[in-house]
């Protein structure tokens, strides 16, 4: 697999250099150099901080969502590795304006251990809470929902928690909104072709010519089935069926749809998927609001797409619609 | 015989060489069940540890410095657990000029327990914990360094063999369910190589 | 090559359906169904209209740039085919508020013939002018600059012409600004892997494992050289060298850089390229302003990237910085 | 013999079948020099033309309707030029109930000229223009339909052969420069198949 890169060892740092050079609203900080924070420092805003973190290779996740009404800071690890405990500590410190910090990140072992350690090490100085993204319905059954991994749908929780924090809400309230958003978000992905970790001599998995995998994870974790390619409508139908079958309690009749490219899949195909997904959701009597179609959470050059549904209620609906501003997502 | 900071430094140097040699093998083992980075990650971690400045450090301080070097190098599950284990052992060794071989069983057990607490896995889940548990048991009552090293290496190899036929029950590998039966856990494979290297 | 699509014959129409469903600011119109116009109809804004058009398969080009401060309407053809004359006529009509319409599109045979025919057929009703995007330096030497094809850099002309039209400038003035912007824009691309036209049974070209082509066109037209993959810095250096060697007269010392994915190449790699490109341009004593890094003009799932430079002057600098709003590019 | 609307409709039906048969061949020829869509595009265009309603149309009106069907089906260079040529011929035929075979040479020449004007290419650039030019010349003085059809088919085949050894000088193919020597121009190849089909 060909990549436009220099030494694999420099991949993440050079990427962060370019990211911040191109986006002056993002500042790289900390001794580790592996934290991105808002240029308009959150510490003197007297608001609850919201931090995230995760491995590299998922842009715009995670660092790209630092901005007003979203994240205050974000730690970032090597490709597909959790962020180091040092970078998690720094991210929490940079987000802390004295009102505490929500740690909001995906349910992966390394991420969890490092954010936990960071929280423990700071517990005398900064009050922190945790919400884990667990939106991927392919990764565990409904009875084991807490074990599910987090994928693209976490950006919905960034949005609502970030927006609520901007209103001056306290840490417990912001945490509750983030948790509710995660609880009401469902995602499923379909992979068409793999990606390759820089420096590795093999792709992360292998799919035969014309083979796809439903429910595969963003690092190549196994999915629900592997079979030959089907039509976009058939694929969208199955994804929407599975999402609707896993509807949260009290889902209501308004939802946002996120159709996300895993990387190489172009906008054309996303819009073809969205067209069907929307029709299917509407046919269930659910109103579709604030749709998102594009590259929101990727796995480098992996081909495929994910579909997420966020079932809105009267609290998180307005928070999704309220203003936010980062290089990859603007609401006005 | 007693273990000093130099003994630890020498072991790290050896481990570093060994891991480099097995880097792609470990990646390949992880690629069957996870994201294929175990080898690359451990090579990076041990490389950083081998560079750590252990001058004027007693064994406890040395172990803590090594743990810090590991936490700076990675945030992966295994790397973070590895650092967690080293920190636990460093805490036990705190203030002592030397460590006795006879202490090793308890030290490895304390690493195992700290890692269990941090990672949330249990014994039997087919992880490095099971290797460490086997090593801790094997080290019990050993006082000679070669005897201890051999016992540890043998225990790690045995654990790998024993668990091969069981399913993984934690982390990414869990999701492959019964497909993991018959496959080596990459973390356990790494412990086997490391224990073997130190025994040499 | 695997695609998330239904029948190839429906590819474009289903894509447009999804595009407009996801983006209420874009309205699909005309008898042909192959025109996108602003939802806030441009016809009653008393301003010069700016239209573009081109083949499908290049999203966000061309239709994605319809919006305030950019295009008023856009015709769209089948994948890699020019827009039909009927759709060009409709686009011009939808953009016309009585002050005339600029036809601003890439220098490709089919596009040119159809926009020419449309202009001729409307000449009694609507005054139109033409500016052709010719930014791709790999497609002809400096002495044949007018023969060059248009690639990603055309979005700069959309931006300046669109902004100037919003100020109430007349058709000749808007046309002159578009032409000046094209004259001051230079692009070069590098391809890593091909794309495939829906329905075709072969990719549009073949590159060996580890082979790349410098200067290849967005439909697979031949480039400058084909060789093995190099480091991102070496590639960025060559691209920037070639762009700077082809600097327009009176280039000045301020430029915008656009680092664009051809489709499959992920943001990580774009930022690694941008980091180097920016450093190289700055080392020439050129200030970098308003950089753009992302998916701005693609060839479906083609892997690779293009770099464009727009050399600013006191007229187009402020136009680039002034507000605009479309689903894929917002300036405030 | 005279050419009526039915003659035109029959020719379109034949051409449509022929192009379907050669669709992938033409795509492959275009892929060597362009974007590989000549066959798919012409199949679509002729398909739409074959569906066009020619009822109650004199030949001129029929040709104009066919041209419109082509412009609705595509905006590609060749498709648009094809429509341009049909429009020009339709304009010539305007108001006439029938067309004589003897008129064909002038009609093809007028198509060629309109296409030259629209596309900006010149004779000798190795495009469909060169095929049409050869056909126009060959048709001169021909009055019997079979004689005319044979001459046109032969001229199209000869033009393809003659130009094969020259470089393309227009459109995407131009950028391949001397690499186009020895390669068939996809547009000329298409004209050969079409002329051959009508001759049958």
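Here the chain labels run A, B, C and D in written order, and each chain numbers its own residues starting at 1.
Heads up, the rule we're going with is that a contact is a pair of C-beta atoms (placed from the backbone, for glycine too) under 8 Å apart; a residue touches a chain by one contact, two chains touch by 3 or more.
Each chain and its UniProt protein: A, C = Dihydroxyacetone kinase; B, D = DhaL domain-containing protein.
In this text the structure is predicted, and so the values were computed from the model without any measurement.
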| item | value |
| --- | --- |
| Shared interface partners, meaning chains that touch chain A (Dihydroxyacetone kinase) and chain B | none |
| Most remote chain, CA-based centroid, reference being chain C (Dihydroxyacetone kinase) | B |
| Centroid distance [mean C-alpha coordinates] between chain D and chain A (Dihydroxyacetone kinase), Å | 54 |
| Chain B-chain D separation of Cα centroids, rounded to whole Å | 75 |
| Between chain C (Dihydroxyacetone kinase) and chain D, centroid-to-centroid distance (C-alpha), Å | 32 |
| Whole-Å gap between the CA centroids of chain A (Dihydroxyacetone kinase) and chain C (Dihydroxyacetone kinase) | 30 |
| Contacts with 2+ other chains: residues of chain D | none |
| Those chain pairs that satisfy the touch definition | A-B, A-C, C-D |
| Residues on chain B engaged by chain A (Dihydroxyacetone kinase) in the complex (per definition of touch) | 24, 27-28, 31, 34-37, 40-41, 44, 71-77, 79-81, 84, 118-119, 170-172, 175-176, 179 |
| Residues on chain A (Dihydroxyacetone kinase) engaged by chain C (Dihydroxyacetone kinase) in the complex (per definition of touch) | 2-6, 11, 14-19, 21-22, 56-57, 59-60, 64, 190, 192-193, 210, 212, 229, 231-233, 235, 259, 263-275, 278, 291-293, 295, 298, 300-301, 303, 305, 330 |
| Residues of chain A (Dihydroxyacetone kinase) defined as touching chain B within the complex | 32, 55, 75, 77-88, 108-111, 113-114, 116-117, 139-140, 197, 199-202, 204-205, 217, 219-222 |
